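By letter and in written order, the chains are A, B, C, D and E; residue numbering begins at 1 in each of them.
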Amino acid sequence: MDNPLKPYPATIVKITDETPDVKTFQIVFDDPGVWDHFRHKPGQVAQISVFGVGEATISITSSPTRKGLLEFSVKRVGLLTGALHQLEAGSKVGIRGPLGNHFPYEEMKGSDLLFIGGGIGLAPLRALIDFVLDGENRSHYGQVEIIYGARSAADLCFKDDLFNRWPHMPGTKVYLTIDRPEEGWNGHVGFVPSYLEEISPSPRNRFAITCGPPVMIKFVLSALQKLGFPDERIITTLEMKMKCGVGKCGRCNIGSKFVCVDGPVFYLSQLKELPPEF
Amino acid sequence: MKRIGVFVCWCGTNIGGVVDVPQVAKAASSFPGVVLATDYKYMCSEPGQELIVQAIREHRLTRVVVAACTPRLHENTFRKTLERAGLNPYLLEIANIREQCAWAHQKQPGRATEKAISLVRRAVAKASRLEPLFASTIPVTRKALVIGGGIAGMQAALDIADAGHQVILVEREPTIGGKMAMLDKTFPTLDCSACICTPKMVAVAQHPSITLYTYAEVEKVEGYVGNFEVTIRQKARSVDHTKCTGCGTCWEKCPTRVPSEFEQGLGTRKAIYVSFPQAVPNKPVIDRRHCRYFAAGKCRVCEKVCPTGAIDYQQGDQLIKEKVGAIVMATGYDLFEWEKVYGEYGYGRYPNVITSLQFERLINASGPTGGKILRPSDGKEPQSVVFVKCVGSRDPAKGKEYCSRICCMYTAKHAHQVLEKLPGARVYVFYMDVRTAGKAYEEFYLRTLQDGAHYIRGRVSKIYPEGDRLIVRGVDTLLGRQVEVGADLVVLATAVVPSRGAAELARLVGISCDQNDFYTEAHPKLRPVEANTAGIFLAGACQGPKDIPDTVAQASAAAAKVCALFSREEMAAEPTVAQVNQFLCYGCLECQKVCPYRAIEPVTVSENAAGKKIERTVASVNSGLCQGCGACTVACKPGAINLKGFSNEQVLAEVDALCL
Amino acid sequence: MSLDSQWEPKIVGFCCNWCSYAGADLAGLNRLSYSPTVRIVRVPCSGRVNPAFIIRAFQRGADAVLVSGCHPGDCHYVSGNYHARRRFLVFKRLLEYVGFEGERLQVRWISGSEGAKFAQTVDELDRKIKALGPNKKMRQEPPGFSGVKDHEG
Amino acid sequence: MSVRDFLLTREGLHSWLSRLARDYPLIAPVEEEKGVITFKQVGGPQEIVFDCAPSTLPPKEWFLPSTEELFAFSTAGGGITLQEPPGPKERVLFGLHPCDVRALLALDPVFGGTYPDPYYLGRRKATIIVALSCTKPGPYCFCPAVGGDPVVAAGADLLLTESGSSFAVKAMTSRGEEIIQRYPGHFAPDEEGRGERARQELAGQLAGMFAFLPDLRGVKEFLDGHFELPYWEEVASRCLGCGICTYTCPTCHCFDIFDQSWDGARGLRARCWDSCMFSQFTRMAGGHNPRPTQKERVRNRFLHKLKYHQDRYGLGGCVGCGRCVAKCPVNIDIRRIIGDLKELASHG
Amino acid sequence: MRETARQLLREREVGLVIGYAAGSEAYWVTPAFIKEEAQADRLVWNPFCVNSLAKYLINYHHEPYKVAVVVKGCDSRALVRLLQDNQVQREKVVVIGIPCLGVVDAKAAALKIAPGTRILGASVTDGEFLLQTESGTLSLPRGEALCAKCRYCENPTPVLADTLLAEEVAAEPAANIYAEVREVESWPREKRSAFWDGHFQRCLRCYACRNICPACTCRECVFDQTDPCWVAKAHNLSENTAFHLIRAMHVAGRCVDCGECERACPVNIPLRLLNQKVIKDIKELFGVSTPGSRLDEMPALGMFATEDPDEFN
């Protein structure tokens, strides 16, 4: 990146409807050479440009092991995400990144992994889940358990992964829950934090990685602490309004940390050091 | 991106003969969002529309631009086309390249093409900002309120009731009938007014679908078209009408006499009274202001004589709530108070200067003189009667600027009546112009002239007494000289003004008045019987001076409008209405002040602000009342109130596109 | 934009749907010929025209703006044009005060029957603006390398 | 090592500036409007205000323009073309005070680092900085309190110090030396150390002239341990939430990025100054705002100046120029804030 | 004032008193938010109390307690406007009115008063402001030091107050309040254009003029909105002019001529000259008074009269 503010031209090749307000965009760079130095790591984010509208920071939801393309799952919340949702396959966008830090996948080697996600919060986790499950990486990690919930069955993202792929991978378990009972749903009903307490995974040799709506994260963090997970093994990601993504525009700071360059991934131990402005 | 299809119409040679249509289509194909741009000979024709339907399906179009004639012509046509293709009809934008381009720039085909491209660019820009709109429906209470029980109100009530709907008729006087009941004869046919008016009154009273509230006033009107909630104040009559038989003993025995309103002060009535013998209802009320018992605490004569024990001094005002779907305003007129400004006519000090309405009573067989023309001062038959027209009308200096429309004809009628009843009497009419637009009106006027009435063209400058007579001084502008006429009786054709309290009632009901307090119609040409507030209609002189046939016609027209509204249980509301973004609204309610339809009301919303639950006031639009003018959108600083179909975003995008 | 002979004024019109837009239609219907420099945005009422729309037009390169509505007293919406009248009396004076040529904002009452008045108004405006030349106040160039301020520019 | 100190007569200064204005874009303080001194390109020395202390607006505009194009884009023809604007020409920025130079040093690591910002750095590289020692502090200056010195301008290429009828010139960089060599005949070598003496003398005179020097000792340490203070509410209750303090601040660098396009097909991406005082600065598309009230925003700004910048870059975030003090319409005065914090610290 | 504040707080009639406290320089004051009786001694009243405090009331709209606020005549107009716009509830405000003889322009005073000077007392005479300092009495001639907005004051006594802290001051006979506006109007167009272009191009878009303005009470200003984008964020002459013109129209009929925008502007844009133009025209065209001077007179652009002047036939 000789100019960190200038995006790479890219093209949307496929759009998948995940939920009524979430779509996943498969994007390839117009210049295939970009991929070789893009080299993102699970947990990192990128800025997607819709030219004429602006940019939004979106976590990369595809694992770097899936070479040649990037996936972003985008919830429609504002002007830019709204514009993105109106695009069709073949549309041109810009990609700027990879930005920020990543999940400490090296440090996690040899450990069991517990993923706890809610709603669109599964998107950044998915990059790491697939990274861990893909190819020979799998051998470096222990059990993989995924607890995931959404408001309703329709609001579950990545249904193909949840129902058809991950549960069939060796050493992998998927626990699903939805907030309220509904017809045709035979699975668990209830909020993610209480489901987590129900399942009550052992903190031994295990990392917990969580992402979801702020309220969920708050209760998941306290549940994990109750279960005995040490702060150094609880990992979450933060979301702040970002513009430049490279630590200059000044709006995503929490204390003296910039979420865009020092985050979005934080250990709970780090979070506890930060002022409560997120 | 929105998938926009652009369809450019040749309109035969109308457009195609000037504008290079294929070039317009070609240019349009490069506009952002346009996935298809094509042209056809006649877009509005069946095959043209079919072409659009097919294209919408085939190209998965989400917005449609038709470049053709003015949207005022075929917007609805093409909206239906979109609907046929399964697209929301409001996802259409028309570029007017015929009336406003091809036809206007026939001599400059090159520039016309350039302009057409620009107009299509505008339409595309707007189209890409269009959102689907849905007509909402409002339930309609099929019951009408008619305010005013004169001929207008009665006619409207009867027509609506005859169509099978419930009607509530509110009249503030103790009887219905209004001014028409006071009249002697009607021009130009000289029918007996009472003979045609009183049967209507009876018909109203007896109609099973009409609920009559006399001696009652409308106190409050809430709600909106189809769903008004009206509060009516039934003033205390002090007589229990369920017991009263209308035998008349009470008013015979009542010791108090007061000038009669119905007789225009020329006769008297009692403190307990019915306005006139044919009053409907024919049951009395006590005028508490004048009743001895209410004034001095003694008397109770009526109570003593009443055979049914109907007198109830304790009776209080009653508030009645009614739900109605439509309101007809039929509040009629009053006469201009000439006494206050016409000093030269004696400020009302001369008993023999009377108004035309007083003259009607004077000449009426049921009036105070039994139909004899006797002058009020001494009861003598006048030998010389002077009529002065335009007293307060067409007189911006002292009275009203407008023409009262009925005076020319009734003065002719009065002149005729004087000459008929008092053979040998002289009749002078001072006039500015004689206006006789109406069937058989001019003929009637000419007959009066033949009868011997002297018409003098000019204003009267002074009336003064001389002995027991009056001298009327004026100018005969045709002869160019001053004239003085001795008169035993002077009749002033005073201006017609809205009935007392009309303006306050307008505010209460939520309609607007013109500068003279006549109610304003929604459109002077095309919507003459509708008020500017949906669901409120106008009948008769409350909207402007008019004679009986016009009044009756307007009343029936208003009734027809009400019946049209009542023809369905629900009415569709245009979806191009204002809408409030409550987050942005800060509750200044400036929008409410500029809304001509009272469509905006404050509502309270509660929300969380920095962890605290707070309540705030924001504006809210009643889409049933909103007519989509957009005045509120400009009054709103933060752009919190926006107009669907003409939103800020859309107009700005159009401006941007036109300037490219 | 250069001041060569090729230059034609760009005039944005805001016409109320009920009177002035109909008036413009009538002009066409009667085949009255007028300058093609005016391009109309249809609005429900002159009271819908926000001064910000006019400002935007000038920013984007309009040389003049025409706002047209029903004659006072004839507003389809009762009072919209009265509000517009107040607003534009003030706004026009403000524009002149900050250095606009007042002619560049024309407000006119044109009824649905006044096709000729519409055509005449447009031609008159067109003539005036041609005499004045392009508007420079607030004018922006389409965003490119000179769209925003740059000291090195 | 070559001689780095020179002397320049007043006339010499004027003729040198005239030459500079011919050879380079010369940017210097001018009185743009009565009472408003800003850095503008000048045609010659006659336009320059020499004794402003300090200018109304800082010179940061020349490195981080209030609005600047990042690139133009075009999506016409199916693809995307992005084109960056040409870099700046070499120019001379004259008349910066030492605090302004220090402010640039505070900005450098923000725009350098892992993701070097080519726009800022390009301008920085293209700019020859000629600083001017202060001869008199401004009414609200307090640079000594935050570690500044009105006669020291590390980071400038040249430092001029007025001394009687002439100026002592110190070349601080090789680029400074080059520019002196480029204009032979204007500069006389200062072999007797007159310049050094002049600067020391001036420093001595200035020392007592600052009206109010807050005591910063212990304040950062106090803030390290105290994030939540009711005091911030008091400050915030007065604050209007405008951007004056941030826009007049020589070290504030927040910006917003936005696209501008009339037709969606061609346009540009630009950035412009933004302010952490604005409520929508941190408000996210979904409505969540991590700094929801003025209290959090005010605190963030002062902590940024007094702590965060130090934490992150090891440099002070405030250079003591007093511009925000001069311009705040409700008299929120950072000197007082420092004093109040100090007092809070001393009361535990 | 301190006594009034103490009493209001002591008797719990109000939960907060908004007044002035001494500023960091002699010629500045700073808004003070006094919640406890003991704090009331921080309150000051002197000829430097230029700020309008009325708008701060909005921040306390949802508090359960009443708030007392100190207002001068010009500030009382702002208060009236806030009441009219439902931004402040009358029953929740105690208005401490101060009849005022004019306040000092801090920029002018700063030229005369050395930084760090302490003011011990102040008085106002016909011709000068007299300031007692540690080193003696300092005189600021009224002609030089008086705030521009005070040169012609329509309401030296607040139009609305629960208590008045001094004798009422009668308004001077209407002078030519808009002389400066008329001067600009009289210039040739090119000169007017250059004049305003020069000022507008300097605008930093810091929004101090808006944020301090008692007529600007929107929850989210149009200039902060991105959809629709009324005015682009870019700082350039075109956008800046659009900003100032739209703002002028938004406050048209609402601007109470308190002059706070001009005072707040860090780059000396003569904003009052812009807003006064609109006030003057509205007054002349529609026969209304300066906004806020009458509780029963609502913004002129929110109403109309059929007999309004017409130039558009």
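Going forward, a contact is a pair of C-beta atoms (placed from the backbone, for glycine too) under 8 Å apart; a residue touches a chain by one contact, two chains touch by 3 or more.
Bear in mind the structure is a predicted one, so any value in this text is a computation, not a measurement.
**Student:** Need the most distant chain from chain E, centre defined as the mean of C-alpha atoms.
**Tutor:** Relative to chain E, the chain with the farthest C-alpha centre is A.
**Student:** Could you tell me which chain lies farthest from chain C when each chain's centre is the average position of its Cα atoms?
**Tutor:** When every chain centre is compared against chain C, the largest gap points to A.
**Student:** Pick the pair with more C-beta contacts: B-D or C-D?
**Tutor:** Most C-beta pairs in contact, of the two: C-D.
**Student:** Measuring from the mean C-alpha position of chain D to the mean C-alpha position of chain E, what distance in angstrom results?
**Tutor:** Computed from C-alpha means, the inter-chain centre distance equals 32 Å.
**Student:** Taking each chain's centre as the mean of its CA atoms, how far is chain A from chain E in angstrom?
**Tutor:** The mean C-alpha positions of chain A and chain E differ by 51 Å.
**Student:** Distance-wise, how many Å sit between the C-alpha centres of chain A and chain D, to the nearest whole number?
**Tutor:** 39
**Student:** Between chain B and chain C, what is the separation of their C-alpha centroids in Å?
**Tutor:** Comparing mean C-alpha positions, chain C is 35 Å from chain B.
**Student:** Could you tell me which residues belong to chain E and also touch two or more other chains?
**Tutor:** 220, 222, 226-227, 230, 234-236, 301, 303, 306
**Student:** Can you list the residues of chain D that touch 2 or more other chains?
**Tutor:** Expected reply: 66-67, 256, 258, 260-262, 264-265, 267, 270, 272.
**Student:** Among all residues of chain C, which ones touch two or more of the remaining chains?
**Tutor:** As it turns out, chain C has residues touching two or more other chains at 51-52, 56, 60, 79, 83, 87, 142, 147-149.
**Student:** Can you list the residues on chain D that touch chain E in the complex?
**Tutor:** Chain D reaches chain E through residues 32-36, 38, 56-57, 66-67, 139-140, 211-212, 234, 237-238, 240-244, 246-248, 256, 258, 260, 270, 272-273, 275, 278-280, 325, 327, 329-333, 335-336.
**Student:** Sort out for me which residues of chain E touch chain C in the complex.
**Tutor:** Residue positions touching the partner: 184-185, 189-190, 192-197, 222, 230, 234-239, 241-242, 244-246, 248-249, 252, 274, 277-278, 281-282, 285-286, 300-301, 303-306, 308-313.
**Student:** Quick one: in the complex, what on chain A touches chain D?
**Tutor:** Those in contact with chain D are residues 1-7, 9, 30, 49, 51-56, 77-81, 92, 94, 214, 239-241, 243-244, 246-256, 261, 275, 277-278.
**Student:** Using the touch rule from the top, collect the residues of chain D that touch chain C in their complex.
**Tutor:** Per the stated touch rule, the residues are 25, 41, 61-62, 65-69, 72, 83, 85, 88-89, 260-262, 266-268, 270, 272.
**Student:** Going by the contact rule at the top, pick out the chain E residues touching chain D in the complex.
**Tutor:** For chain E paired with chain D, touching residues are 23-25, 28-31, 33, 51, 56, 59, 107, 110, 114-116, 198-199, 202, 204-208, 210-212, 220, 224, 226, 232-236, 260, 263-264, 266-268.
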